Amino acid sequence: MDSQFKAGILIEALPYIQEYYGKTVVVKYGGSAMQSDELMDAVIRDMILLKCVGIDVVMIHGGGPEINEMLKKIGKESKFINGLRYTDKETIDIVQMVLSGKVNKSLVSRIENFGGRALGLCGIDGNMLKAQRKGGDVDYGFVGDVVGVDTRPITDAIDNGYIPVIATLAKDDDGDILNVNADTAAAAIAAALNAEKFILLTDVKGVLHDPHDESTLISVIHGDEVQSLIDEGVISGGMIPKIQCCMHAFNGGVRRTHIIDGRVPHSILIEMLSDSGLGTMIC
Amino acid sequence: MDSQFKAGILIEALPYIQEYYGKTVVVKYGGSAMQSDELMDAVIRDMILLKCVGIDVVMIHGGGPEINEMLKKIGKESKFINGLRYTDKETIDIVQMVLSGKVNKSLVSRIENFGGRALGLCGIDGNMLKAQRKGGDVDYGFVGDVVGVDTRPITDAIDNGYIPVIATLAKDDDGDILNVNADTAAAAIAAALNAEKFILLTDVKGVLHDPHDESTLISVIHGDEVQSLIDEGVISGGMIPKIQCCMHAFNGGVRRTHIIDGRVPHSILIEMLSDSGLGTMIC
Amino acid sequence: MDSQFKAGILIEALPYIQEYYGKTVVVKYGGSAMQSDELMDAVIRDMILLKCVGIDVVMIHGGGPEINEMLKKIGKESKFINGLRYTDKETIDIVQMVLSGKVNKSLVSRIENFGGRALGLCGIDGNMLKAQRKGGDVDYGFVGDVVGVDTRPITDAIDNGYIPVIATLAKDDDGDILNVNADTAAAAIAAALNAEKFILLTDVKGVLHDPHDESTLISVIHGDEVQSLIDEGVISGGMIPKIQCCMHAFNGGVRRTHIIDGRVPHSILIEMLSDSGLGTMIC
Amino acid sequence: MDSQFKAGILIEALPYIQEYYGKTVVVKYGGSAMQSDELMDAVIRDMILLKCVGIDVVMIHGGGPEINEMLKKIGKESKFINGLRYTDKETIDIVQMVLSGKVNKSLVSRIENFGGRALGLCGIDGNMLKAQRKGGDVDYGFVGDVVGVDTRPITDAIDNGYIPVIATLAKDDDGDILNVNADTAAAAIAAALNAEKFILLTDVKGVLHDPHDESTLISVIHGDEVQSLIDEGVISGGMIPKIQCCMHAFNGGVRRTHIIDGRVPHSILIEMLSDSGLGTMIC
Amino acid sequence: MDSQFKAGILIEALPYIQEYYGKTVVVKYGGSAMQSDELMDAVIRDMILLKCVGIDVVMIHGGGPEINEMLKKIGKESKFINGLRYTDKETIDIVQMVLSGKVNKSLVSRIENFGGRALGLCGIDGNMLKAQRKGGDVDYGFVGDVVGVDTRPITDAIDNGYIPVIATLAKDDDGDILNVNADTAAAAIAAALNAEKFILLTDVKGVLHDPHDESTLISVIHGDEVQSLIDEGVISGGMIPKIQCCMHAFNGGVRRTHIIDGRVPHSILIEMLSDSGLGTMIC
Amino acid sequence: MDSQFKAGILIEALPYIQEYYGKTVVVKYGGSAMQSDELMDAVIRDMILLKCVGIDVVMIHGGGPEINEMLKKIGKESKFINGLRYTDKETIDIVQMVLSGKVNKSLVSRIENFGGRALGLCGIDGNMLKAQRKGGDVDYGFVGDVVGVDTRPITDAIDNGYIPVIATLAKDDDGDILNVNADTAAAAIAAALNAEKFILLTDVKGVLHDPHDESTLISVIHGDEVQSLIDEGVISGGMIPKIQCCMHAFNGGVRRTHIIDGRVPHSILIEMLSDSGLGTMIC
């Protein structure tokens, strides 16, 4: 009987639900999983389900493509220094507007549409994210690194029953709003929350021994293996900062960090509520 | 992909979980579903899952077969009057012992074995169930009807995070412990708790138009149809008191009452977390 | 002695502080007071001071000029129907982005810069503002009227010690985000909060008997005088909807509503903590 | 005047009441004090009075005679190994049933009959008592030792205003229910609760220098005297495990442990609320 | 055995303790019971014992003799108008000082000396007692009647675990401190607290049919009998206002009011915790 | 515009208010500031304003002049030993009466008259101040030193929203009420409360380099400078014990201690809410 079979599948998830009950899970959401409506709804519903079964989910998002699109719309050309986009006042204004006004509130709206309760915050709210301008000789404009997290606006939202959705803007001591890397900010927040889990949704399957063969996925990497894997070239390119993010979160007190494939529908649920697991765990 | 398919099934349950979130569901557990180890484990895990997803489940049980077995073991012969077992002091002692000592604590133990948290109570604890001896000319011994429910021991247990498991013993004003009908007591408790749902697990599929054809199941009966269905003989025999129980609960403030088939594994979950529904709903 | 004189002025404010202690004051902020940096800082510091002395301030803002500027930047031309801007999907996206991403978070940032604690919310957060599309034969696009307020995201923020700063976006039952009039939304929120006071910051001195003579300010208008003042032409033009807003708030349970001059620095403080009063009170 | 004299006696108890106010007292109840109805009522009323004057009493009971009686009733013969009863599945079922179903709930009922509020729990409820099967070469069946106490079900009951009444069943990691020594379990619970006092109600006056002369009662034994008293034969036979129980509780953090004569009506009250004291204190 | 007998007496009090558990009892303390050190200590210990057994006692006192003594000490002559002492500014200062400084704090000190926790308040604290000057043609100076009670300072003290001890000063709308009748103020406080019991400690046995024969004590007077008893002269002289006080408290919501003999040691305890009762109950 | 100017002054105070928000400030009130009605009202309103802006003020007072006046009124002659007044039983009674009955309750009344909420306590209430008789060969009668502070009656009052007003009576282990130095007691209370600030209101401008030239005020003294300033004679006479008081409070955990001029109206407000500062800070 069909419905009985489905009930059986629900029951299979029970031990996983019990394991995470009352714990905090931080999900950094971006990339492909944020570009398709279908994948977006899958992620959103995963978040709501996790919240329903007593897990305190925190959603942190970037929004690079939307920012680019908007800059293009206003005819703003981007200047790059050492591969980093120089962020002038007009650009940071667009960044702020797109991240905390468009992407953030649209995610909140989607969560509410599926019956969840969400609160859209950015690093400015309640002085959540404190940053410092990038130092050195080069002036990148309004670009910085997170140097402090005040978790109260997040835990207040959790305690009041909301899923906090966070745009990673930050402010420095001069009161200037800075553009910060969303992955790094997410890792810092996960660490500050002493999260049980930090999940980075990406556009790849995880760390692969052979980048052309998805069957060579490395399921678990221990911290002390990271450097040699970089040296061997197994971890390379854009994966290096992602792995470093995870190491950061892990060293900051997060129990488990994961890089998983955001292109797979319900990848968060699969990672958390089944024994399949997904992607690469760094711990 | 298999795990993705399973995740999809979890997500299908989301709207149902949201509907019952924070509400109270009283399950009267007995009959066949209590005789097989497999069915028992299925019911237990259903209860734990519901608790995990934020639904306040209350489990109420009987234990007729176990009582009979014990009476047989001590060689006690039963005397019947008008079809009701005469309950002398020795018998009520056995009833108390078996219900609140064996069946109750074994259920609690099973819940704990699957990682749930349960508290085994009986109607004596905290003066939960107040009863009155059956009146009239005939003396049935220590047999009575529930006339009052103090819900505090139950809501205390819920508030402290336990699944309350309740044996339906009751006490009268003389301090005598009385044997009461478990279905009726469960209905009274559901009403006193203003439960969202009252589920009677039985050994039949529900109310059938043609008792020999399970495909003639009546899914919904409205209160004002009950009498005519009895008159027509559609509701008959042991089903009559069960329907009356449900009517009692409904009139006492329970939003929905159900008679469902305890022989179907995970019948509670199917009823609550899918659109299939099961058995007969009386409302 | 100078400092002693200043202390005396603080003490003069004491009875007013005591009067409003623990009460809610909703300020609709917009117009000129939002265009100059100096006036902005004055308003911000007024809000923080009121919060400090135990008054629960709620700041609600619009952002017309910023929206126009952005539309211009992306070369979007506006179509008007019956004097109302037709709002297509691209426009509502800009409205959302500018209001909840730029204006809102910039206000939050300013409050934090002066040592206050603020939380930037919009009507989408926690499903705060429920709207309905404007009916009738004409299609204005994504434009609507507020039909319901869930105050929990606001009172949660107040209870956690923040000044809630609210952008007046709203959502309809289809999940579409709609542009709503900020004054009206503010009045609806004030009513839903049972606020003690609703203050509309405007670009005029208040209601004047002779529009060319500021000395003819009407300090108090009672509800039953409104219609005749409109008939006489004393209340006219853009003042009519503002007065109607106040009447709405007042009829919804707000004790006192005020239209005051946002061009006067610290006009909120002057209105609330001195016997001077300012502008026109409608009650 | 008689009533004045009685009032004076109440007042004499005041300093003792003040001393124990808000503290936890664990009473192990068994033996003769549990066989006579009169003594039972005296103990029960002592417990209620202590609860009334703000002392958190916890009642722990055994039930050897009732178990024997039931085993006899079903014609079960007992097999003994090294003086310990071999406990097969049928026997542990009877033990569970009698302890947690009969003795436990009857005590609860008695407390309620005298106007107290009680909650009947066993070590299975909320996974309160964790045990391990007796190791070694000999198989004693379902017999074990307490290796862990989760005090939450007990403190929850106390916080909700009940007198917890506890049957000392326990469970091992395999989910098997084991028979454990009630005195030892009570001592473990008292230690886990950091109780102020642990009282063992027995059938003797206490430790006597000359077992035939009750006037040779030793009022206080210090921990370091125990071994020599055993060597001298002053502490012997069944008194040895009882003293060891007390030592266990004391070493686990209980401030004072007592072996007192349960045959004396109101012995608990006499011990606690007068300067007479009773029996032997081990500290 | 002596200690066993005493324990029995404690147990006799149990049903009375249970009856009053968690309820509020207001005792107006004055007269002879306040003149002798021995009687004072008896009253104090009664209060502490009642507090210990979970009864919320509130002690209200007068202090006429101490006031007279002090006035004499400073050589102040009293002027009487219509039998009422004219209270000038100097006199009300002495009244305030003696009542709230001497009598009140000395009672608090005594309670603390016996291990109780007390807080000494007067009607000025937290604006507890609001009064109005006696009207009419005659000017009695600073003399008034209680017209309002703010119970918060009293319930705050109770909630924080103290016995509130209250001196019956009051203040009028001009901020003047007025002398009010302590019995009447106590009755007003008892009514405002919805007390279970209001006890007036006096210097007589209660209402006597024959004033010269204490055996003619009337144990219970119902409200509707009062007038005829006054007409018959059974209630006369100083007993009339005391009975009216009780009627006031009773009509204000107090369940039982008592006039009892303060000269009997532990009269409060006898009245409350035995079936003897004492004095006259008006209800 | 006048009201705008005043608003500006309020706003100037904002950073100071934010600095002290939620912190505890203990004010020792006495001397000239307590003799004039005008100065008294200024102090009272300062206290209420501070309470209003979220600062937990605690007012501690002496009352030497009032005690002297009362002793004179009853014709009591004072005997001095080594410059200390010998305090016999009659004198300590007067001290208790005047301090906790007259001065204390009059201050409470004044606070209430200005719309504040106050609770008048003395060191006897809730056993707040524990003292020891002065030792040595000389018998000073009922005179002692504070040796312990139970802050609960104070923090209870703060938590319930009152300004605690405290008369510095204390009790020794024999239950005798002792006269203690109010400055020292205030310092001990400030330390026990871990206050942010301890303010001693005096009759001088602060510590002066040249006692005849107020322009030589020393604004800040560090702890290690005190002794040399005493040696130099800059700190001398009555200023020595005051400075020692401050050192005591500071060493006990108070962050800042101040000696300020009580003759200046609103000196507390000037010190706390402006950058002028006043008097001498010892830290």
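By written order: A, B, C, D, E and F. Residues from 1 in each chain.
Definition applied: a contact is a pair of C-beta atoms (placed from the backbone, for glycine too) under 8 Å apart; a residue touches a chain by one contact, two chains touch by 3 or more.
As the structure is a prediction and not an experimental result, all values here were calculated from the model.
Student: Please report the minimal path length, in steps, between subunit D and subunit E on the chain touch graph.
Tutor: 1
Student: Just how many steps, at minimum, does a route from subunit C to subunit D need if it may pass only between touching chains?
Tutor: Minimum number of steps from subunit C to subunit D: 3.
Student: Can you spot which of A-C, E-F or C-F is a repeat of the D-E interface, where more than half the contact pairs line up?
Tutor: The pair repeating the interface of D-E is C-F.
Student: Which chain lies the greatest distance away from subunit E when centres are computed from Cα atoms alone?
Tutor: A
Student: Give me the rotation angle that lays the C-alpha atoms of subunit D onto its copy subunit F, rounded to the nearest 5 degrees.
Tutor: 120
Student: Rounded to a whole Å, what is the gap between the Cα centroids of subunit A and subunit D?
Tutor: Distance between chain centres: 55 Å.
Student: Centroid from C-alpha atoms only, then distance subunit A to subunit E, rounded to Å. What do you get?
Tutor: Once rounded, the distance between the two centres reads 68 Å.
Student: So, what's the distance in Å between the C-alpha centres of subunit B and subunit A?
Tutor: 45
Student: If you look at subunit D, which of its residues touch at least two other chains?
Tutor: none
Student: Could you tell me which shape the graph of touching chains takes: line, ring, star, complete or other?
Tutor: Contact pattern: a closed ring, each chain touching exactly two others.
Student: Starting at subunit B, then subunit D, how do the chains run round the ring?
Tutor: Around the ring, beginning at subunit B and stepping to subunit D, we get B, D, E, F, C, A.
Student: Using the touch definition up top, name the residues of subunit D that touch subunit B in the complex.
Tutor: Answer in residue numbers: 70, 73-74, 93, 96-102, 104-106, 108-109, 112-113, 117-122, 124-127, 152-153, 156, 160, 162, 169, 171, 175, 177.
Student: Residue numbers of subunit F touching subunit C in their complex, please.
Tutor: 1-4, 6-15, 17-18, 21, 42, 45-46, 48-49, 52-54, 114-115, 264-266, 269-270, 273-274, 276, 278
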